[in-house]
Amino acid sequence: MSTPPDPAIRVEGLVREFPGGLRAVDGIDLAVSKGEIYGFLGPNGAGKSTTVAILTTLLPPTAGRAVVVGHDVTAEGAQVRRKIGASLQQSALDPYLTAWEHIRLQGALHGLPRPHTQRRGEELLHRLGLSEAASRKVRTYSGGMQRRLDLALALLHEPQVLFLDEPTTGLDVQSRTGLWEEIKALAQRGVTVFLTTQYLEEADLLADRVGIIDRGRIVAEGPPSRLKAEIGRPALEAIPADPASAAGLAKLLERFGEPLSLGTTDGVSIRLQGGTGELAEIVRAIDAAGIAVADLRIHAPTLDDVFLAKTGRRLEGGGEG
Amino acid sequence: MSAPAGLWTVTRAVARRNLGSYLRRPELLLPSLLFPLVFFASFAGGLSALGHLPAFHYAPGYTTFQYGFILCQTALFSGLFTAFSLAYDLETGFARRLFLASANRTGIPLGYAAVAVARAILAIAVVTAVALAVGMRVEGTPGQLVLLCVLGLLLVLIGYGWAAGIALRFRTVQAGPAMQTPVFLAVFLAPAYVPLQLLRGWIHSVANFNPVTYYLEATRGLLSGHPEELLAALLLAAALAAAFWGWTQFNLKAAEAAG
Amino acid sequence: MLTIALRAFLKTVRQPFQLFPLIFFPAILLAINASGLTAATELRGFPTHSYLTFAIAVAYVQGALFALVNAGTNLAEDIESGFFTRLALTPLSRAALLGGLLIGIAAVGVLQSLVYLLIGAVAGAHLHGGLPGAFLLLGLGAFASAGFGAGGIAAALLLRSGEAVQGLFPLFFVLLILSSANLPRNLLHGWFHTVATYNPFSYLIEGFRAVYLSGFPAGPLLGAVAVIAGTWLLFGSAAVALLWRSLRPG
């Protein structure tokens, strides 16, 4: 993909090396358009959080360049911080302060006028479902509430770019879904979102484009649908009602695609030649042959398959600690 | 979009939050107020017999003599313990929020320094009230007492500057002993219990070179109305405060570079 | 029980952050006070010409006090990490568990007392009680550490947090300094003399001190033994009760 004109985030040859020679970020190039949700996907230790730390001016790069909302992160850090918000892996909350006290502190640090902080704080607390708890100390909050407060603080000064570092890790399903809705709403309002995650579903659902990082390098980048389509066609798995008819079923399905092993013992699988459009014809053929089928499943390629194709390893359950 | 938050805006915001936390948490507030009192009671009360030594010549008496030591100790330790809070915030990650949100990050350690001064004022006010109530004699003039406050302020900044630098360097409360031990040794390797001329042996030699000795002597001199080598003490304190502020700034850059 | 004791001993001596307050901090304070308060020996009625000989007893008692904090902190860590629960699930009896912990603490007490003995000997403190006195000091140090250690164990079982246990230290430190730690009771005046007279730490310090100054005077030694027995009774009972409650089935 060509670099968009005037991107919200532009990274060129970014490197971060730690003492001992460890290269957590090993030459990254990327560009994120304004208003885009960019998903940064990779296993633990891939370099996601280090990249975010550099882009949010918390860590200087060893080499390369990063420009966020038109300002170099190294030379113009203060200007970058005015225009970005960040909700990082650690919620960075004071357990002895209330939500309102956090809001006032954040507003004061950004130099916001008090009436503006008050108004904006009310709006955000309401939107994120924290109004009732706002006068309680943060140590009484659940994990989900703390994450939402962290997000509210990141949004208080109406940033142009929002960095979210694994925002839903450790959250229950309901909290996670709620946060996804909020992220989508932010993007619709024109906020650029740079989101790191190790959850395929999250990247698939939210991101306009995904960058897959492994061992400090981007191994694939693009819209999730295109990345998955590049990997291959969907697979079909048919489980015969009578195991004895498996051989006949396999022979019948051969004309629709090449045989495939999905690791199941009682099913017959093929890689579909013509995609899911052939499904109706396959069902008619099975019916005409009189073979009873207990189950029929379509396996679409996932981002995990993309990662496997690029790195030889699975992303989910196979990443390094 | 907000106007850029300058140094003083950040300093005020950080100071307000930390002072609020300190006043609201008994486990922080009470020890900081009670320990100077306990030390004062223990030394002024428990060692009062030393005031009867033939060679002990301090006109206002042993209670005032010990009060001078408590003043210096409280000032230095108020700075030190405020830096503990900075180390805690760095270790728990809360300081990241301050780093992320502050246009001018120098305001962060400056905010904590302001709280160190506030904590010292509070603790010293309490011990002063008690000391006066038990009959401590202060014979300094109002002008000399103002200079005493200036010296106290510089001591707070010395204690804080040293410890804050360590906190920013190591970013963990485990560095507490490294922060605390040098200050503790400096305070007690000085004429803590008796005047310099009554110290014997190696400690007399060490005390002669210890900057805290100059601050102690100046403090006691101001309290008695007869300050000696006051200018040297003030200049030395100012120089050390500036040097340790530089040490803090140096380690702030190191903390930023380490992420 | 011995396995538990060995673990308790090693857990302390292998951690520099625990060894420092246990051994080196009292020694540093002793060096500072011995030199800084030498002038006190010129006071009429001061029992010796050597302030070091007078003050070294405080180091032993400080060590016992730190044993309270260390024992409590270590056990609180074990409770927080779940290791304590794992121990409770073994066939190990409660008595053996408590006994093992106290033996380990006592062993550390012997070690730190030995260090202070050696420091004192090297620095010139005169031990009037001689070699038997040295053994007596080691014994008093061991039992005092174990008695206070039982307090730390009780605190850990009650508070279940290392930070909270450490918060107890200032309380006991205050008791230590409001005693006859720095001057003999006959040279204390007014309210301070009254407080020191009612303060058990005074008698504990005076017991250790007496071995240095006089050898084996019955009065001060009985006073120290009574205080140590009191800590065993008070803290030991609390530790037993809380341990039994913590490990109650169901």
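Note that the chains take the letters A, B and C in the order they are written out, and that residue 1 is the start of every chain.
Criterion: contacts are C-beta pairs under 8 Å (C-beta built on N, C-alpha and C of every residue); 3 or more make two chains touch, one makes a residue touch a chain.
Nothing here was measured: the structure is a model prediction, and the numbers come from that model.
A.B. asks: Keeping to the contact definition above, tell me which chains border both subunit A and subunit B.
C.D. replies: A chain counts here if it touches both subunit A and subunit B, and no chain qualifies.
A.B. asks: If you average all the Cα positions, which chain's own average lands nearest?
C.D. replies: That would be B.
A.B. asks: Roughly how many whole angstrom separate the Cα centroids of subunit A and subunit B?
C.D. replies: 49
A.B. asks: What is the distance in Å between the mean C-alpha positions of subunit A and subunit C?
C.D. replies: Each chain's C-alpha centroid was found; their separation is 56 Å.
A.B. asks: Centroid from C-alpha atoms only, then distance subunit B to subunit C, rounded to Å. What do you get?
C.D. replies: Once rounded, the distance between the two centres reads 30 Å.
A.B. asks: Can you list the residues on subunit B that touch subunit C in the complex?
C.D. replies: 27, 31, 35, 38-39, 41-42, 45-50, 52-55, 174, 177, 185, 188-189, 191-194, 198-204
A.B. asks: Can you list the subunit A residues touching subunit B in their complex?
C.D. replies: For subunit A paired with subunit B, touching residues are 53, 56-60, 78, 81-83, 86, 88, 90-94, 96-97, 101, 105-106, 108-113, 116, 153, 157-158.
A.B. asks: Please give the residue numbers of subunit B that touch subunit A in the complex, ascending.
C.D. replies: 1-6, 9-10, 12-14, 16-17, 20-21, 24-25, 89, 92-94, 96-104, 256-259
A.B. asks: What part of subunit C is in contact with subunit B in the complex they form?
C.D. replies: Residues 17, 20, 28-29, 32, 35-40, 42-43, 167, 170, 174, 177-178, 181-183, 187-192, 196.
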